[in-house]
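In what comes next, subunit A is part of two complexes: it sits with subunit B in the first one and with subunit C in the second one.
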Partner chain A sequence: MLRNRRSELLAAFVLILPFVVIYGWMFVYPTIQMVRLSFTDAPLIGEGKYVGFKNYVRMFKDPVFRKAVWNTAYFVALTVVPGTAVALLIALMVSRLKGWLQSVILAAFFLPYILPVTVVYVIWDWMTNVQFGMLQGAIEWVAGRPVNVWRTIPWFMPGVAVITIWWTNGFSILLFLAGLRNIPAELYEAAQLDGATRWQMFTRVTWPLIWPVTVLCLTIQLILQLKIFDQVYLFAVGGRTQATMVLVQYIYEQAFQKNAGGYSATIALALFVIVVTFSVLQFQILRIRGQR
Partner chain B sequence: MSETRSTQHRRLDAGGVLLTLLTLIAAAVWFFPVYWAMATSVRYDDQTVKDFALLPQDPTFTNFLFNIQTSRLPYWYLNSTIVAVSVTVIVVFMSACTGYAISQLRFPGRKALWWMILASFMVPISALIVNHFIIIAGVQLLNTHAGIVLPMLIAPVTVIVYKQFFDGLPKEFREAAVMDGATEFQLLFRLFLPMNWGVTTALAIITFIGAWNSFLWPFLAAQDEKMMTVTVGIAAVQDAFGVFYGRLLSGAVLASLPVALAYLLFQRRVTQAITLSAGIKG
Partner chain C sequence: MKRLLGASAVLALAISMAEAKETVVWWDFLGGGDGVRMKTLIEEFNKEHADTIEIQATTLDWGVPFYSKVQATAAVGEGPDMMTYHASRIPLAVSQGTLAEITPEDMAAMGLSAANFAPATWDAVQVDGKQYAVPFDTHPIVLYYNKDLLEKSGLIGADGLPAGLDGLDNFNAALKKLKDDGNEWGIVQVTADGGFAFRTIYSLLCQQNGEIGTDGNWFPGDSQEKLANAVGVISNWVAEGYNPSYTDYPSTVALFTSGKSPFMINGVWEVPTMDDLNKQGKLFNWGAIELPVLFDRPCTYADSHAFAIPANAGKEVSPEKHAAVLEVIKWMEANSLFWATAGHIPANVAVTETAEYKAMQPQATYAKLTANSVFDPKSVNAGVASPLFDAAGNAFTAAINGETDPATAVAEMKAALDALQQ
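Our next item is the complex of A and B:
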């Protein structure tokens, strides 16, 4: 028995060893370093000296940081709820279809999700090109003139938001589809016997039963979109980066372009706190719901 | 009575047909940008800005040839393949081992390990990029495959999926095998993993797609053009290509080919992986 116990311990040790080494090295250590760095004036590479809360004071007074927080929040507002609503709508439409038609239509909606971000960028840069873009006709119709979407501040964030919804919605669509499949068909049959209309079926049967999936999609999207960088960075290259700055981009700029490792760690910690706060909130909300 | 019912039926059917039609149109609109990129990629350069026909008049593969012969695309392909395959193999193997240990074995620190995994699940890894850069630069691994791969190995979701999957398997299997004198490694690799390769394939495909597509870290870690991955490289040549949209878009089509194929071949597994990884949140 004692032998057994010892062999179990040994096996566990060997099995978790690679994981523990990598997590220690790539997750625990960098997290501690990030906190430590935020109290120094270190450059990107090399040691700095301890400066207390100087970076934090600077951050709260920094207009670009405020702009980055505002832009990130604006982007989240433009993507999370609208994106989830669009995903639900698409899932409802796709779930009505059957067989191969459903697979083909689902693929059409899902494929953008698996594209690399640069491909998404190249495609949409081409679609919206101010001279030759496919979409300039529509843009001209709305704005009354051709618009260079990525060089026009009021158009920039909404533009990136539309593309992000187009790009990342496949994930939510699949979750909603899975949720819709779990609704027993008998409920609809019963509703139909009672003479319910399509709309009544949706509001009385589908909506209450799909609500947990909706909460899930919203929280996944929220935490994902708070970390936006790639699209904004790519579309803003050569443009006015300060005006379209988001949090991860500011971390990147301070560290890699301004060589301010300490200050960028402070901003990273701010992002860290924001995302963890939302994660914990989500956890609590789901737990409360689970207890009911 | 029968008459009203049949008219009602007909009305419902008409609504159904209309909805299906709307769905088809919406799908076509949604997919159009992807189609348009593919269509542009087979047009001659002087036609990309003139020929707006839905079907390219005179399709050509010169853009693809140009990309393969004169750009660094072949290097980038090789780098992406090495990185994505290494990440996939290591993540899946490591996660299966760790998930098994946490689910089936009792050892000190088990709870702490589980909490760390859950914590890393909530932490935005993009906040750690600066420190990752410092670490990787410190061990002289910038512009190497190992340097690109290392920070991408943080994959709490796969560990959690494995742990929950192993938790759900009946205890009798394990007990019977232990009676027969199987070691823990035999248990994991001969019994627990083979019992459902589906989960492993699903996680592997989704990890591969994620690794192939990742942008921010490879963009920081590989600044030498020869070491870039496809996803990063396409962004790097963007300005050099200028208005040569045919070349640019054929590069984009090539860059997404492996992930598109992975999805089309394993549609059901991709769907399964997404519902599995979301299931842990709910």
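Our next item is the complex of A and C:
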């Protein structure tokens, strides 16, 4: 018995070894390096000298860092819950369709998800172009004049949020659809026999049963959107990068453009802490609510 | 079996021939019309050196990605054998130890010296008395014009060139006239990107004898006021409706080529676009001239595409390879007349003095501005896609579109630059 367990342990160890090695090499080691780097004045490449907490002091006094935290939080607020709600709505509608029609509509919603971010950028940049954009008619109707969405600060974040939801929604819709398909039809039949209304069926049957999927969607979205970079970078390039700065972009700018590897690592560590804290917190809170 | 032997013999022969031939790994960032022309030059070189040298060229993404990649690869000895480089980025590269020095012996081996280049262009590739690149061209901004529309408004002189544009008042009067004569705009330039507009603004700052200064001493003397003046010129054009607001790069070119604006301020690199449209019969009579003197003296922003050799850490370059790289640069310099079709002004003075170049229009018309060009200040924070450009983008996008006033924008830019010295 004892020998048996030992060989099992050995097998287990051999099986997880590749993962542990890669995890340690690709994640744990860089993370330790990042922490170490944040106490130096290192450039992008090469060693720097130890400067203690100087980078941290600078970070807490840095107005651009504060702006980046604010913009990132604002973007998360604009996308995570609204995006998930829209996805659920679309999934509920698509699940009512049958056969090829369902496939076609689902494909239409999923297609943007497969586009690379640069293509998304080019499409929307042209659609919103201040001289030639198709959407300027609608924008003029709302604002009373043509607006350069990507250079007008109040328009920028909501603009990027709408595009991001349009772009990334397909994945959440698929998750919700899978969740909805897992709900046994008998439950609805039973509810119907008991005379439940459609709203009661949603709140008493559908909603509790897809709550785990919702938690998953929200968590994935939260982590993804805290790390927002590509869209903001592309739409703001050459323009007002400081007013529209988000955290990952600030890390990139400090490291690659300003050659400040140490300070960049400090901001990266701040983002790391924020992502870990919020995703763990959110997942736990939502899970507890679900178990109630 | 026999066939196999034969095949391996051919293979062995091919390998031994390949070994005799030097390969030069080349990186550039020329993705536009100039990239097509550069590829022609490279093909031509490879054809002429079929037995001795082969350039293996790769085109990478312009700007920060290119420079980060060069820095990262050179640091671990994996950089190319040679590459194109913006002169304005050389001070930063030298501070990072990315570039190998071009020695006087190298220059002698190529048969080149300071006398072959315009003084400002030559100076731009030197740091602390050492040379780090060989200039290939000078690429300033110029004033493109629609001759048909200017003629209608009586703004073409007896020499066939735009007239009556010197001095700010005259220039503004000309823009007003063009607008009154029914043109949608008077002038178009990139206004959605203050970093791009900075090229015009810097020219106008220099025209007032103002300076950007350098690290720790940005905008010395009364340069801050002069810079605000320069910003004011453009924000005034936007406010008066002469120049469209928040206009991005592609729209700028589209507004000019579709005849909606008789003037465009843009880099010489748009010359191929005009040339190609013209050949297809899709363009009006057009030309390009040096920026008019709106203030005290002629002065235009310029940068230079140069050839540089990365300091590949821990990788010794064989004398043969080094000689091959020098041969490539020498050949490119000697054959840069074709590069002029990309709009750029060849850096090699001997080329711009040939009869062929002097017959090339509009290149020959604006070539004289190399005598009046101003480059970025020598700072690790200046150059294309640098913190200086970034600060300009943040401050001037708001100012030229009327969201803040020029003086505030300039103060904001100075504060951003001063913060770099922390």
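The working rule: the second predicted complex is superposed on the first by the 251 of 292 C-alpha atoms of A that agree within 3 Å, B and C clash if a C-alpha of one lies under 4 Å from a C-alpha of the other, contacts with A are read in each partner's own complex, and residues count from 1 in each chain.
Convention: contacts are C-beta pairs under 8 Å (C-beta built on N, C-alpha and C of every residue); 3 or more make two chains touch, one makes a residue touch a chain.
Worth saying up front: this structure is predicted, and the values here are computed from it rather than measured.
In the overlay built on the shared chain, the residue A:F256 is in contact with subunit B and with subunit C.
In the superposition on chain A, A:R58 makes contact with subunit C only, while subunit B stays out of contact range.
By the touch criterion stated above, A:F110 is placed in contact with subunit B alone, subunit C being left untouched. Between subunit B and subunit C, B touches the greater number of residues of subunit A. In the superposition on chain A, A:I45 makes contact with both subunit B and subunit C.
Contact with subunit C, but none with subunit B, is seen for A:R151 once the two complexes are overlaid on the shared chain.
In the superposition on chain A, contact is made by A:T241 with subunit C only, not with subunit B.
In the superposition on chain A, no contact is made by A:G137 with either subunit B or subunit C.
Common to the subunit B and subunit C contact sets on subunit A are residues 44-45, 125, 129, 131-132, 256. The touching residues of subunit A, when paired with subunit B in their complex, are 7-9, 11-13, 15-16, 18-20, 22-23, 25-31, 33-34, 37, 44-45, 90, 93-94, 96-97, 103, 105, 107-112, 114-119, 121-127, 129, 131-132, 134, 166, 171, 174-175, 178, 198, 212-213, 216, 219-220, 223, 226-227, 229-230, 234, 248, 251-252, 255-256, 261, 264-265, 268-269, 271-272, 275-276, 279-280, 286. Within the complex, the subunit C residues that touch subunit A are 64, 68, 71-72, 75, 92, 96, 192-196, 244-248, 251, 254-255, 380, 385-387, 390, 393-394, 397-398, 401, 416, 420, 422. For subunit A in complex with subunit C, the touching residues are 43-46, 58, 125, 129-132, 148, 150-152, 238-243, 253, 256-259.
Partner subunit A is touched in their complex by these residues of subunit B: 15-16, 19-20, 22-24, 26-28, 30-31, 33-34, 36-37, 40, 48-49, 52, 90, 93-95, 97-98, 100-102, 105-107, 110, 113, 116, 120, 122-124, 126-135, 137, 150-151, 153-154, 159, 183-185, 188, 209, 212-213, 215-216, 220, 230-232, 234-235, 238, 245, 248-249, 251-252, 255-256, 259-260, 262-264, 267, 270-271, 274-275, 278, 281-282.
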